[in-house]
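Take this structure, written in structure tokens, and hold onto it; I'll ask about it next.
Lettered A, B, C and D in written order, each chain numbered from 1.
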Amino acid sequence: MSTIPDFTLPHGLRVPPLGRRLRLGQIGGGRSSVVGAWHRDGARLSNHWELVAGLLSRDPARARLAAADQIIPDDRAYTDFRAMAELEAARADGMEAVCICTPNNSHYELAAHFLQAGFDVILDKPMTSKLADAEALARLAQTSHGLLALTYPYAHHAMIRQAQGLVAQGAVGTIRQVVVEYLQEWGTPATVDDAPSAAWRRDPERVGRASATGDIATHAYHLLKTVTGLGITAVRADFHRCGGARAMEDTAFIKLQMDNGAPGQIWVTQAAPGNHCGLRLRIFGERGGLEWDQEFPEQLKLRLLDRPEQIFWRGHGGGMTAAAERLVHLPRGHGEALSDAWANLYSEIGVAIAARRSGVSLASGLVQYADDAAGLDGVRFVEACADSAEANSAWTELVR
Amino acid sequence: MSTIPDFTLPHGLRVPPLGRRLRLGQIGGGRSSVVGAWHRDGARLSNHWELVAGLLSRDPARARLAAADQIIPDDRAYTDFRAMAELEAARADGMEAVCICTPNNSHYELAAHFLQAGFDVILDKPMTSKLADAEALARLAQTSHGLLALTYPYAHHAMIRQAQGLVAQGAVGTIRQVVVEYLQEWGTPATVDDAPSAAWRRDPERVGRASATGDIATHAYHLLKTVTGLGITAVRADFHRCGGARAMEDTAFIKLQMDNGAPGQIWVTQAAPGNHCGLRLRIFGERGGLEWDQEFPEQLKLRLLDRPEQIFWRGHGGGMTAAAERLVHLPRGHGEALSDAWANLYSEIGVAIAARRSGVSLASGLVQYADDAAGLDGVRFVEACADSAEANSAWTELVR
Amino acid sequence: MSTIPDFTLPHGLRVPPLGRRLRLGQIGGGRSSVVGAWHRDGARLSNHWELVAGLLSRDPARARLAAADQIIPDDRAYTDFRAMAELEAARADGMEAVCICTPNNSHYELAAHFLQAGFDVILDKPMTSKLADAEALARLAQTSHGLLALTYPYAHHAMIRQAQGLVAQGAVGTIRQVVVEYLQEWGTPATVDDAPSAAWRRDPERVGRASATGDIATHAYHLLKTVTGLGITAVRADFHRCGGARAMEDTAFIKLQMDNGAPGQIWVTQAAPGNHCGLRLRIFGERGGLEWDQEFPEQLKLRLLDRPEQIFWRGHGGGMTAAAERLVHLPRGHGEALSDAWANLYSEIGVAIAARRSGVSLASGLVQYADDAAGLDGVRFVEACADSAEANSAWTELVR
Amino acid sequence: MSTIPDFTLPHGLRVPPLGRRLRLGQIGGGRSSVVGAWHRDGARLSNHWELVAGLLSRDPARARLAAADQIIPDDRAYTDFRAMAELEAARADGMEAVCICTPNNSHYELAAHFLQAGFDVILDKPMTSKLADAEALARLAQTSHGLLALTYPYAHHAMIRQAQGLVAQGAVGTIRQVVVEYLQEWGTPATVDDAPSAAWRRDPERVGRASATGDIATHAYHLLKTVTGLGITAVRADFHRCGGARAMEDTAFIKLQMDNGAPGQIWVTQAAPGNHCGLRLRIFGERGGLEWDQEFPEQLKLRLLDRPEQIFWRGHGGGMTAAAERLVHLPRGHGEALSDAWANLYSEIGVAIAARRSGVSLASGLVQYADDAAGLDGVRFVEACADSAEANSAWTELVR
């Protein structure tokens, strides 16, 4: 285990890699932002990070107010990203990484600027609103000093690591079909799109060619690939507006062709009353099936042919793999949930950054996060879905 | 309520319509049959029927043995359906109706013969293995003395009647999308098709142009229409063999176009380890969602926007509609399950037959069963799916 | 397996032992009875019985009406039990067994009369309203030609047989504590006691010294002993009236001393809004725990230390014991519920009667039903609870 | 709303009351501690606190190592509490409050010392190991400058606030019985008591007169009182050692007399395989019942007579009370769990401290935490249980 230094242990339990917290700045995430709080909670709970600077609004008064909420002093409450990069780089205690939680169309410019300025960049998904931008950003990330990470938090639940391990061990045998759904209700009344917090999600200028697909199908796609280890070669997408007359799709049925020949499906909708964060994964193999539901993240169900159903519960022992136990923070039954997944995400990224700086090589697969390649892959998926939907739901190859 | 005679009350509680049980014969349903037992259990539990004759095997010894299981004397243990029709018609205490539980390709000949001989016919779904046969049988049923009923048992759970009532009352508002899935595991190993009880299900000669689609998607289709009251105008079907190399599809993803413009989907598979009779219905409207799971048939979940989730439990009161209460036999919490649904089915058919003979007209919608039109509709659905699958999953109109 | 004749197979699948159905009469069970219907449904669904005579009311018109509901002719719709015994004994096709579903205080006289008249007697629990009557009836049963069986239907769910088998195999190790609860809501408003169907349940003349304890704690007690194989040596009972001012207890907390030294508890109430037939069993041993809930009777949960939770689902294979599989009638996922448990009960009793008449000895434990000893044990339990409650909840030994 | 300043809003969303984080020290909570991490996670996630000093071990090397885990410098990694109090008081940036997570018998000395030294004290439950100590500490708290708070985290789940509100609104009517259980499995093998992390829990010197009762029944007791608003007047306790031969009880059945005359029960055990943090609350009133399970903390079930079951899900709207919405941090479906409850707890205490210092009076009931009176009440409950168990389970009055 000589390649696994102590600092690879999960959030909050052991001394972080550098003997101090990494200094984080945030762009986006003002008072009306939901996503911004998730990033901050994960960073805090991980104990690997401290938030030292913010560009939380372009309006100076709002920027200062939102920064004050986070105990960020006025002089580090920025309203211009170039100034932020320049001034923080100049400080001895300046921020080292930036997390970007703005609408999709700003991702490229912001991420490219901070990468080029030598910062590590933590970027909300999807990577960009345009494929060309994603390709350019991925190329840039390859040559940057800093690391580029995308935030797909659901993949950081301990039981997703457990599912990944069980599949890799062959628990279910060869995978024969996979179905992922992600259902929400917030978009049921079309009028909700008039609210500022929702408006940008249906604006092609800001989100790109797809709405719900980029917003939530990307999570489903990433989760499916993370757990199964399979690639997707082609998609066929039906876009619908089930919440009423609105600018872009709120619902998509996306049929998948997987690279082992098995079929798959992703179904997402934001117009399903009674569903809130209904991300559910079902994998069926030749010997068994696996099922996980984000709203009950502590359990993973394994059903082998001619055996009692087995439920793995997050915790130490009880059939957990070592890799999944790394992400276990609270004892079994003492619930972890979404902020714990975000904390795992920020721990993993923190460890990766520290290892990179320290010249330590981590055992393959030990520390996981979505890198630039995964980010580009996500945008290619959205583009292929949009192509398919525009082509009357024709099967469309996924460039890889 | 003058048009609702006392005998419309549910199974076992009140005197059946004719003051006696109806006399039933059965074709198919020998010792290796699963479906045959369901019919008998439903008939018995309903208290509207007694089983008096059987053609339970074409082998005389087996036919007598299986009949003896059911306390049917040797002289009414037939091996030839023509003889059965003739001899039973000649008896004063002869059977009045026949239930047919044989492979699909025999349905037309058998049903037509018994209808023409003046019997009521209760026919397992799908109606026939060929569309032309279904059309001919439906025409015949229109002019027959006897009644033709198809058996879709899941639609006879009390909570499906409740769901139907809630939709009709507008509880969820205009329906915006519907998804039904029916997942089983028995077909996971392709070798299972070698067993006689499964072999016919993958034999186009015996089942027609589709396997899992005819076997279980028909249930999903019937359930969807029963609850929503919507029609389906077109389908797009992907057929797969997820259980391995075999003669016909074990899995189908069927996209639906509903006649109010909303999309729908039926997903069925017999290669989903850990699922047994996983028939699940989800309806999303502009105001709320409904969810029902056949493996937990006592509950119906209604989720209205900005309201606590509501769970209706089968029983009297507690928000049950009068129509659903008609199907309530045991008190709430004292579980009903599949045999109770079959008993409701046999009660409904028994009441319909008795009403027909008595010249009593029943209030519209009070007594429900799938008639010849519903049977023909089911075959048209299977045919359209097969057409679509053969045409590279092209959208295919559903003739109505 | 030479001592296990073919007729020991479960309900409806094979020829009953005598090649015909046993002829049953019923006392109690008129139109307002709930329990009466359960007996009839179980008998019918079992396919081992036909109902040929009834004393369903003491009022002649009502007796005929209720009998007609069951297709019992007027001349076998009795209003006097002595006449029923005499006339049925005199018929060549007379009833062979009688099921008694009347209030507790009539049990002794009725059961004794029919036993002495040579009939088999199937008696609803509790056996009698008075201990002396129970003792006398048990003595009588020992010397009778007929068999005396008590009806504890919940013990006849297939998954209870599975739990019994797992405990016997040592799956959970030595049992360390057991908790059973049975919660209902119907008695929440005290005014419900004014209704005739409930009034007798709070009338010491008719039920004996305890109300909810005799009504539902007896089920819990019987279930606990059936599954664990342990005896109870002493009880300490607190009686309460949680539904308001009424004549007798609607709630009891009963602490148990088990004969292996482990503690136990039975908690019953009829004043728990939201509970209907909430009979739940939890067993904890040195290696694992078992849990079963009557409202979800298809599942049995086994949780072994440091292992994933296991859920056994009713069906063939999948870890089911052979003894539990005997009670499996429908395939896994095709739900069985309360009427199936009653059918198992009536099958078991039917097989026991037939074996007795045929001189066949059944393998020990193969066919299970509650006999006179179990009936007497149940009354002793009620008496001990009543003694304890009257003695300020003193620990009270249970005479065995 | 003039008495409710902005800083009463929950964790992380708005500027904390003093425009900065409160400075926290921790005693106990070294590398082998489970509880210590919970405190730190809650403090961090709340965004109201920063951890600046620690006495995490009495061994200097271990103390420094554990402090380094938390980015506490060596010079604030104490090994003597008096030195900690003195040196921190002397610093301009010294700690303002201390959280104490040590075995029970040290609570009094530590808490008294820090209170007298002018610090706020956050103390793990139970308050002390001896009643006299608790009384003395409560008296001291009344006259101290600092605030004394006890940590009962489960009471800080948003849905417990919701349950409290529903009861107060009369949703279930007058409460008629309450049952709380708290089941764990870790103590099943008696040998576990040999481990240092468990040994102190069965050592009367360190925990006082009761083990599982002080450890987990206190949570159940506090939760019951928090939600119902009822007092407990007397207890009757049975102590058992269900995990095998060990020094103190691992299991207790505690019957309660509530001050409105209704009965209650608390059942706790640490020898229930398959249970981890199985804290479950059931309240039954004259009109309805409420149920909550700590392992599924997002849901609260309300079952009113003759109404569909209602499930409240944590989030904004959907029937949530305003008081419960204050504790909502993530959107519905985006799970909160135990660390969120701890964050609520540390937010509430932080707000209370800040309000106290600022001379702001908070609206009654708005900000809730367990104060010295609640702490003393908890110890009195443990003492009464121990008295009862020693007196052969006699009913024992609870001094108030």
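Note that in this section contacts are C-beta pairs under 8 Å (C-beta built on N, C-alpha and C of every residue); 3 or more make two chains touch, one makes a residue touch a chain.
Computed from a predicted model, the values in this text were never measured in an experiment.
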| item | value |
| --- | --- |
| For subunit B and subunit D, chains touching each | A, C |
| Reference subunit D; chain at largest CA-centroid distance | B |
| Euclidean distance of C-alpha centroids - subunit A vs subunit B, Å | 44 |
| Averaged-CA centre spacing for the pair subunit D and subunit A, given as whole angstrom | 34 |
| Multi-partner residues of subunit B (each touching 2 or more other chains) | 275, 309, 313 |
| Contact footprint of subunit B on subunit C as seen in their complex | 12-16, 19-21, 31, 34, 37-38, 40-41, 44-45, 47, 65, 68-71, 184, 275-278, 294-298, 313, 315, 329-340 |
| Residue numbers on subunit C that touch subunit D, as the complex places them | 172, 176-177, 179, 185, 188-189, 238, 240, 242-244, 251, 253, 255, 262-263, 265, 267, 269, 271-275, 282, 284-289, 291, 301, 303-305, 309 |
| Interface residues, subunit A side, partner subunit C - complex | 302, 306-313, 317-319 |
